[in-house]
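Here's the structure we're looking at; comments come further down.
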Amino acid sequence: MRLRFTTAGESHGRGLVTVVEGLPAGLPVTAEWVDRDLGRRMRGHGRGGRMTIEQDRIEWISGVRAGETLGSPVAMLIANRDWANWQEVMAAEAAGAPRERRVTRPRPGHADLTGVLKYDRTDARDILERASARETAARVAAGALARRLLDEFGVTVASHVVALGGIVAGAVDPLDAPGAADHSPVRTLDPEAEAAMVQRIDAARAAGDTLGGVVEVVADGLVPGLGSHVSWDRKLDGRLAGMLMSIPAVKGVEIGLGFAAAARPGSEVHDPIIAGGGHAAPRRGGNNAGGLEGGMTTGEPLVVRIAMKPLSTLMTPLETVDLSSGRSARAETERSDVTAVPALGVVAEALVALVLADAMLEKFGGDSLTEMRRNVDGYRAQLAARWSGERDAAR
Amino acid sequence: MRLRFTTAGESHGRGLVTVVEGLPAGLPVTAEWVDRDLGRRMRGHGRGGRMTIEQDRIEWISGVRAGETLGSPVAMLIANRDWANWQEVMAAEAAGAPRERRVTRPRPGHADLTGVLKYDRTDARDILERASARETAARVAAGALARRLLDEFGVTVASHVVALGGIVAGAVDPLDAPGAADHSPVRTLDPEAEAAMVQRIDAARAAGDTLGGVVEVVADGLVPGLGSHVSWDRKLDGRLAGMLMSIPAVKGVEIGLGFAAAARPGSEVHDPIIAGGGHAAPRRGGNNAGGLEGGMTTGEPLVVRIAMKPLSTLMTPLETVDLSSGRSARAETERSDVTAVPALGVVAEALVALVLADAMLEKFGGDSLTEMRRNVDGYRAQLAARWSGERDAAR
Amino acid sequence: MRLRFTTAGESHGRGLVTVVEGLPAGLPVTAEWVDRDLGRRMRGHGRGGRMTIEQDRIEWISGVRAGETLGSPVAMLIANRDWANWQEVMAAEAAGAPRERRVTRPRPGHADLTGVLKYDRTDARDILERASARETAARVAAGALARRLLDEFGVTVASHVVALGGIVAGAVDPLDAPGAADHSPVRTLDPEAEAAMVQRIDAARAAGDTLGGVVEVVADGLVPGLGSHVSWDRKLDGRLAGMLMSIPAVKGVEIGLGFAAAARPGSEVHDPIIAGGGHAAPRRGGNNAGGLEGGMTTGEPLVVRIAMKPLSTLMTPLETVDLSSGRSARAETERSDVTAVPALGVVAEALVALVLADAMLEKFGGDSLTEMRRNVDGYRAQLAARWSGERDAAR
Amino acid sequence: MRLRFTTAGESHGRGLVTVVEGLPAGLPVTAEWVDRDLGRRMRGHGRGGRMTIEQDRIEWISGVRAGETLGSPVAMLIANRDWANWQEVMAAEAAGAPRERRVTRPRPGHADLTGVLKYDRTDARDILERASARETAARVAAGALARRLLDEFGVTVASHVVALGGIVAGAVDPLDAPGAADHSPVRTLDPEAEAAMVQRIDAARAAGDTLGGVVEVVADGLVPGLGSHVSWDRKLDGRLAGMLMSIPAVKGVEIGLGFAAAARPGSEVHDPIIAGGGHAAPRRGGNNAGGLEGGMTTGEPLVVRIAMKPLSTLMTPLETVDLSSGRSARAETERSDVTAVPALGVVAEALVALVLADAMLEKFGGDSLTEMRRNVDGYRAQLAARWSGERDAAR
């Protein structure tokens, strides 16, 4: 079994659809649990007006009954609450009707220009509606289910903003302050940096500019041995990086020390393995590896950081070309957020949860939560037995 | 059609096998072409003794006849030239025979410890033989075929070292100096940095330590529109990052400006689109995006950087635990390279070539080189016609 | 690019969702086109009362604008028109509420018993709601889009019933009577057999029994060379068989002569290749191969037959065990159709269309209909040139 | 985790390569075990001269050490023992050298003609070398490893010929006579039919003709619940049919009663569920379903039958066209077997074993044999507890 998810939906279309396949049966879920993450995604200083309209909520279409998953595909619909205002522009049918809100001045940094070339379109709205970061709401819904599964096994996934618009937060371990980032308007754990980030955002808004930043995601409570070293596409680091780099506007991913590890000697990078003493498992003398060695979880907290470039739609628009005339123009100004970095962490948590839940299902199988739990518990006992001298008994 | 590749083989086993599926028929290939990249992977200041033994060469097993691909799976064998010395230790059969060269003191930073836990082994050699970076030779062979295909379409893929052991090279565009990196003992294009890097390597060797670094890969000659914005797993940035982060010891990946983009305002990040004038296509006023927007190639050079941590096997070994006793110990010292950063670029080139060739086959299809070329040419003409006013004619 | 589709939804849930990914942009589509196939699936003598309630229709959720595909995932929702009567029984939330319409007497022949064991459920409704053949409506919607694409290339896919309840129809080539099967109450082309089939259905209904049958699907207008001989999972015959055998209640699949080919000598099976004369392509002296040789289309009509067992819910129920008591019982009688064989052809057409559209996209690529058409036309010209002596010119 | 396998190699090339990925570590294997199935594939009345040359044997390249799998990809090489006679004809390099043994008269029924069109070749040898059934040897090697895994869980997979050249064997349950088919020259269990089949083969050889037939594969010892009803591509019946129909020359697949089920009423098809009494699980009052309901194993023996058309190379060749002249000709006569039906069962066993092992890994996970066994045992206990009233205790 493997966890798969599929999203569909345009930004101003009827809504977003997410289908999640491969969850075990018997997992307790509620819409409230999913909506909570959808709500978290919408907050943050620096968002424009649209966020207040949306109030994303899922409707269950399938796969859940009487509060539990059935093992069948779980489909969720997130209706677009602004649909009434867009249904003519985005109508599926009415071929040949004059198109409103046509976009012919592609925004540098966005999919607009390349998309119209690749898909042979004349209206960049046909591209930007899908390339929009709105699609990440559908991923957050999928990730909330993955997180629900992880939660049954004591695995937590948290995030916080470590840099925004060039302001760098001081080092804080988010595991020491669970949930605290959600109380910050920029989802950072450093109060001093928080104030500076808010200021920077306000200044950028005044200048019609946009800001990027860096987010850190930390997952804790993992068993060692998720992922694998045996083949390139089973390595968990690659799977995480692939998933995270697919978030719109993300241009960098690093694990543990990341790029900083490249500048240090090996003696200052690798985490010593410290004998546990008695019947205890060995522990690590650090976590520079960010919880991943050889493409597998080590059991230490998983630490990933991703860099987001500034949003591509500037209110002081950049130079571009008009698709209909071929002449120089100013880019479209479709939307008005200054930064989406606070939301990025919520999206990244969801994707990390999906990758980890998938890796757990891959290793442990399980068609029901009961079965999966039994398999996980058996593995944990096997690991404990290795150090307790009862190894053969546990087999 | 999609390009797939599969590798197999242990570091000191009989050899490595690579199978590449999905290449069009009629592509001219030679063993010499593939061996050239295998040779490039083995060089570089900082490698230990083994590299001189190996002299990797492929033997064709299938998929090629009379100098051309057949469209069927191409299998290549890279024999291990040191096999005679290892055949007892690594024998497939002889169950129960006493095991020589058992590894019970796992190296921090490597797959050793997690691997024995996950796969329930008592000898970490059962893990490290596959987790070894030797496997990347098999990937380089696969990548050489992908590069051969790209070569037919004028796409080049190059790399150079931009940092090693903390020494940062000055900015050089590798497209200005094709092939030059291969003449440097550390594959860098900055002669001053080169000297410092060599010194740093020699010092690390003397200290029994290891070094990491950063490599940049640049691909040129691409059509716009490889990859897609429509679904997370079709985005080219995610596919590149996933592939590159799966290289052993790589802990970071960034595209274009990467992490640096997170600190700048949008007005200084996004690449303006400059009208071409007359019937010319528009061009970009910069390439901060690294040739990728919305998960698609823009047609500008693709620029990716990856960070490699220092090698995990130190001659001054780190603290670990002995698997057989559970007591504290010093880690195994299996191998003696100081750094593999110069080789990393060759590996990364291969993987970038595989991702790009796959994306081209996905977009253009084609069972023969003839057919693929016709499809690519047709698309190029379609793009040109858009700006020349002859768009409808080209349909 | 590859065509993927995902379905979700329970039989009496809120509705069915279908997501189709990978269609080129610019394909003209209408809900009417899709609904037409949904309507065809619901007809046929032998259906019970539910079919008249349903009147399946799709609502576009995404991927289509102004009458054309956008290249993004196309999501369709088929609402369950009987939802008002089921919303308490099938409610997603309300954990712990007493469950109505619990099913504890699993039906032999259905997924009920194995499903509750595998997924660790106590109410077989948790299984049967998804295992129900109602899910095929979602596949028909997906297939209608695939058929729309094929239609642009002159490929047609038709079906007719060749046996029902033991009555065998006389041999008719459905290509000679396009659309005729839809005018028969049992979707057969032999009027005599039709009358006997209707009678057999009426008799089975009176006896509380159910009936199966055999359906033939024929696709015409295909280029030679879809699929491939090179690897097992690229062979088109395997891909067709895998897709078709996944239809609920299908127990057999055969291509061309099928099982009958096993009893004849080779000299009476293989289709001679007849020289075309002049500049014409060669033609076949028969089509016993059913249009597939070596896992590839030959260009002759594709002919597939599938066998459906009788429906598993009998009004005169079979012996079973009660899950709650472990004692002998009579099986649940959830639903009242006598046979679904007439509808089976419509489902099978949809799945054949999906496999063929996927194979075309695999071979020809294409992000827009324009691009795909250019690539297909180029290939057709290449084939024609081979026999006309202008081969080199066409390259 | 999922079991994947990849094959490569041309019929008269250097050899065949098989790579199997996803086996758990710690599985005892020997070359002898694999070679035994390779040997079984080569026997059978009706094979030509080549079979005696071959004596296929594997060489381990990777993934196995000290008699056990390592969890890493297992690569096996089956050298072509006739390579010395073919190395010039099949040489990978030597581009432009005159080609010996060129094939320009494509054989009806084989991939020859379509292959040269699709892949744009002028020598059909470029196609037939890969389309040859010789490739099935590589699949048999992969299947032998899958069977080794199943063997650890008490799952057996056997086969026998039920029809050959129109001679139909009497019904015998192969589970009653394990291994007996291998003692028959045509791998049938009915001695009378055996004699008639041998005669029929001799007569066909005399006539320069070829024969097909039908093979039945039976797997026993399966847990209920492999595969799934939830999505089309997780259904085990579809996965089996897809795999089996990809065998060269197979034109039909059926499960359980198969096509015969289509002619009977439901009351005579579905297998009653008989209460077990006391604490015993219920059992089935028949196995018309062939061990599969709702796309899942029921726990009853899995029964699949496949139909093979006669071989495509006739010594009395069929009409074809010469590719170089476009004129009518007699087809190539590359090879001289009369029938491969006896070998077909061995190939089909291998593929069924691969599908079942994959389904077990999907359901149970497991990186080591120890872990997988613990998970399987836990599930078996869970099932037993359901009927014993100790259900909650077993959770």
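In order of appearance the chains are A, B, C and D, and numbering begins at 1 in each one.
Note that in this section a contact is a pair of C-beta atoms (placed from the backbone, for glycine too) under 8 Å apart; a residue touches a chain by one contact, two chains touch by 3 or more.
It should be emphasised that the depicted structure is a prediction, and the values quoted were computed from it without experimental measurement.
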item: Contact-richer chain pair [B-D vs A-D]; value: B-D
item: Most widely separated chain from chain B, with each centre as the mean of CA atoms; value: C
item: Whole-Å gap separating chain A and chain B, where each centre is the average of the chain's CA atoms; value: 26
item: Inter-chain centre distance, chain A versus chain D - centres from mean C-alpha coordinates, in Å; value: 42
item: Interchain centroid distance [CA atoms averaged], chain B/chain D, Å; value: 36
item: Where chain B touches two or more other chains at once, by residue number; value: 6-7, 21, 71-73, 118, 120, 127, 130, 225, 228, 230-231, 363, 367, 370-371, 382
item: Residue ranges of chain B touching chain A (in the complex, touch as defined); value: 6-7, 106-115, 117-118, 120, 127, 130-131, 139, 163, 165-166, 204, 207, 209-214, 224-225, 228-233, 235, 237-246, 248, 250-259, 261-267, 269-276, 282, 284-285, 289-290, 293-299, 307-312, 314, 316, 318-321, 326-328, 331, 363, 382-383, 386-387
item: Chain D-facing residues of chain A, complex; value: 1-2, 21, 71-73, 225, 228, 230-231, 361-367, 370-371, 374-375, 378-379, 382, 395
item: Contacting residues of chain A [partner chain C, same complex]; value: 4, 6-10, 13-17, 19, 21, 24-26, 28, 30-31, 59-68, 70-75, 77, 90-97, 99, 118-121, 126-127, 129-130, 367-368, 370-371
